[in-house]
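Across the two complexes that follow, chain A remains constant while its partner is chain B and subsequently chain C.
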Partner chain A sequence: MALYLGLTLVPILIGSLAAVSCALLGNFLVLRRQSLMGDAISHVVLPGIVAAFVLTGSMSAIPMLLGAAAAALLAAAMIEIVRVYGKVEPGAAMGVVFTALFAFGIVLLEQTDTGSIHFDVEHALYGNLESLVWLAGIEWAALIDPIALSDIPPQLPRLAMALVVVVGFLAVAWRPLVISTFDPTFAAAAGVPVRLVNAGLIILVAMVSVTAFEAVGAIIAIAMLICPPAAARMMTDRLLPQIAWSVAFAILAAAGGYVAAGAGVALFVEGVAVSAAGMIATVAGVTLLLAAAFGPRRKGAKA
Partner chain B sequence: MLNRLTAKAATTDALTISGLSVAYGDKPALNAVDARFSAGAMSAIVGPNGAGKSTLLKAAMGMIPSIDGTVRFLGEPLSAVRRRVAYVPQRLSVDWDFPATVIDVVLMGLYGRLGAFAWIGQKERQEALACLKEVDLDDLADRQIGQLSGGQQQRVFIARALAQNADLLILDEPLAGVDAATERLIVALLRRLAGEGRAVIAVHHDLSTVREYYDDVLILNGATIANGSVEAAFTEANLARAYGGRLTAGPLAPTGARA
Partner chain C sequence: MDVTAFIDALTFQAGYNTAIVAIGAIFLGWAGGTVGTFLLLRRRSLVSDALSHATLPGVAIAFLIMAAAGGTGRYLPGLLLGAAASALAGLAVVEWLTRRTRLHADAAIGAVLSSFFGLGVVLLTVIQSAQIGQQAGIGSFLLGSTSGMLRSEAITLAALAALCALTVVFLRRTLTLVAFDETFAATTGVSIRRADLALMLLVLAVTVTGLRVVGLVLVIALVIIPPVAARFWTERVGRMMVISGIIGAASGFLGTALSASIPDLPTGPIIVLVAATAFLVSMLLAPARGVFANLRRARRYARAFRAGLASGEGA
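Then we have the complex of A and B:
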């Protein structure tokens, strides 16, 4: 039982923080029909993250966010160049640029075998939640022991900060965000700062993708952006309850997925566990499937 | 407010557009459009599909970039009088599956006055309900918007514009795809607003009802064909110039719904 705190509770908490941050923002992406924006961003930021890692040799948050931002700007410029000079439609230009940048990120990653820090392709794709355990926190007493507390995986406070920023953004920008999500034309006419709100939303999605990718991987983060909000939409016709449902689904996926993966056991018994991030995304997908089949507000359900 | 408006109306138009040009890429959409719309009048904007009617409104409101031209709302640039202008987009420009209730949408009309932070309390809800009563939807205030008929959805949009309590209302096809009862209700409401001294400008499609509903008209086809009172401007000759051979049976010919 004592093993519970450091080996299970801390990774579950990290996974939940990442999932909830993603799900909160995902509600607006899904309602804006921009669900794939998260997909695109998580592809594009990879080379930026790797480049920041190569340049600074650390996985601290600030350089990674700067790298991700630089990569996003580069992607925007490249899309425009491909679109104008390649004479292809915007969708094709985006597809080419996102995939090319992601592939470049992987190649870059393969070349950076520093050995000292664990950072490889698998890590980038589906994270390494299993390793984010708190070995000093085996006993409950560690919660009040400053030395043990300093050994908490840095991802925990980092993702907690990210969640605070996301909640703060939603609280401050709530009304402009809702109005410009529902009716951007009216919003612009009524003087709602539509562009500022749009930019804020996308920047936060990028920030959350970068911070969440260490825990669940860049690619699995997409599932957290889309599945919980999409499932939540089928549970209710009101925005605030939808957001509450999406948070519940996100925590369910993170905790349920981690436990189902048997990840805690894997440290001691070889071969019984599956990827925690993969299992979390699977649970999120199953939740969506169940909501689509039985949710009270799914399409075609009687109102 | 009406005093202020009548004082202004004597000297300025509600909306003045001078030399407004817009292009999509290198394809010109509007060529030096001039138009004037009076306060206290209900004005129609008519023209064939692709004439640039919605483009004119969006460019005037600064929502799409214009190449050239000046636009004055109530005699001022839009930024100075934004709270006195209400804009009603085309009904099908939004996703009605959005998780909101009827009254949620009407309350959005209070944004100009309340801003991003002011609390929405009982007083504001009562105001929104009063606007819904005007369009005969107060019974459906807590209904999810996706459950409404097209005509009811259009009335929600009108109620949101009423909540803005504007001196100038600009509506993009407020009568598109609505039932006959809703059309009568909306027209009566808009005529009453114009009677109070406000300006109402609407993109309109059914040429057969222009004489009955409107005081003034702008006939548009990439450029201004005619602009003035319905009596003076809404003539067979002007319509033929705007619609070309597509209008075979005079102004009573029905026109196809706009995409």
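Then we have the complex of A and C:
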């Protein structure tokens, strides 16, 4: 039990917080057929981080987060410009913008001397959840020890904050969000600020993928924005139960994936490490596959 | 930038390998541009994103199998075969999810690309930490690289790219027919499902061939950016295919030449940036559908409209 709290529970908690924040917003992306917006935004986080590093010269969290958020918003705006002024279909517009920005990020990274600082693309893609342990939290007593508490990985409170913001946004914007998701024309006619709601959703997706990305890498963000809500769609026709299912699937994938990655270590030769982020995304995919094969509402009524 | 090195690369004088890679990139760009034209017209550009990410588990499994069989694990044709097999599995899952469940294509694509990629990462970390085989080449599938490429690998890729380009030229009539008029295509005896499958297999072939050079995150740019850029220049599919192919080939050529003449400039991202520049120029300046042309046209209509109003009032 001694190892349990700081070494296992904390990474699982971090993974779950990231997963739940993503899944909550993902429900609306999936319903609005904007799932790939999450994909595009997660890809442009990399150039944002590199640009922030080039501009400030520091690797600290705040400029990185700001840079990534700015890049995400810039990308969303560029996609909109290409779509509207270039009359390009949305999927292709996303493809053009995010590959161009990602390529720019890689070139910037290669041309900048990041020298001894640990920064590489692989880390950006699949994070390092395994390293986010709380060494001071070996004993349960550490939970009330302020010195030990200060040693908690900063990603934990940051992701908790992100989750609070997401839940707050859903609570405040619930009605306009739901109406504009299911019937944008009616929403506009009824005076709902549809564009504002759309922009708010995209900004929150950017914020969540950036915080999640910093803790667990881009692939968990993409997988969690899409897989749990998609699986939840197979279980019910109603929005609130769907959101509840997606949260359950997200936690299942985060915890199950982390444990499975740990078990994978024991399965293979001593010293073999398996990426927890990769495993979490895999479990999320398997959950969706099972839901798509056996879920009670898998056929639904396709609009 | 080293100008002589750049000119050497442009005239194929920068060494045998670089020349082969450049020729391969030209074919690859041409094939991607032409095949991408039909993908764009079918509104399925982002399916390529699912395909490219879905190659990773196949690459890793092929590596593991070849290493277990006693080889080094980095035999390129074997890795590409694995990539193609798992991309095909990914494509099948996307099709199954969109046909058999209530999910729309965007969610199916996103789910497949993230979970297949996740599985690939799991397998890669197994390979890396267990120190299996010679891993030098395996990381380059993520972001692509042409440095350190073996001569046999360069020749294999150039030949594959040429094969893709030839097949597109061969199939262009069927693909055009299906892209524009499914009913007419069906009455002339063209099987739409088969043509669609052929299109997807061609995209798959281009993606897999491009993996090693451009990397799996960016390879989709080869089939997405050139046709979107070409669309601004013309309203005719035949011309669009040619323009798109030329933009693709030129991006491949200029990209490899630039990366050969500037140190630390990775080939794949440079090819993508050259294509993106072509896109930007096309979107702003193309006379047929470019932004400026549209603005000018809109202003002319507005003026004519006002003139019409004014003369109407006078009469």
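What we mean here is this: the second predicted complex is superposed on the first by the 241 of 303 C-alpha atoms of A that agree within 3 Å, B and C clash if a C-alpha of one lies under 4 Å from a C-alpha of the other, contacts with A are read in each partner's own complex, and residues count from 1 in each chain.
Here is the rule we use: contacts are C-beta pairs under 8 Å (C-beta built on N, C-alpha and C of every residue); 3 or more make two chains touch, one makes a residue touch a chain.
This one's a predicted model, so the numbers in the text were calculated from it and none came from an experiment.
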For A:233, select first, second, both or neither according to whether it touches chain B, chain C, the two together, or no partner. both
Partner chain(s) touched by A:33 [first = chain B, second = chain C, both, neither]: both
When the two structures are overlaid on chain A, which partner does A:104 contact: first (chain B), second (chain C), both, or neither? second
Quick check on the superposed pair: does A:92 touch chain B, chain C, both, or neither? Answer first, second, both or neither. second
Once the two complexes are aligned on chain A, which partner has more residues of chain A within touching range, chain B or chain C? C
Does chain B (first) or chain C (second) touch A:173, or do both, or does neither? first
Touching A:185, do we find chain B (first), chain C (second), both, or neither? first
So, A:56: does it touch chain B (first), chain C (second), both, or neither? neither
So which bits of chain A does chain B touch that chain C touches too? 33, 233
Interfacial residue positions of chain A with respect to chain C in the complex: 30, 33-36, 38-39, 43, 82, 85-89, 91-96, 99-100, 102-104, 106-107, 110-111, 121-122, 125-126, 219, 222-223, 225-227, 229-230, 233-234, 261, 264, 268-269, 271-275, 277-282, 284-286, 288-289, 292, 297-302
Write out the stretch or stretches of chain B touching chain A in their complex. 58, 61-63, 82-83, 85-89, 93-95, 98-101, 104-105, 108-109, 111-112, 116-117, 144, 146-147, 160, 164
What part of chain A is in contact with chain B in the complex they form? 31, 33, 172-176, 178-179, 181-183, 185-192, 233, 236-239, 242, 303
Taking the complex as given, what residues does chain C use to touch chain A? 40, 43-46, 48-49, 93, 96-97, 100-104, 106-122, 124-126, 129-130, 139, 142-143, 217-218, 220-221, 224-225, 227-228, 231-232, 264-266, 268-270, 272-273, 276, 279, 283, 289, 291, 294
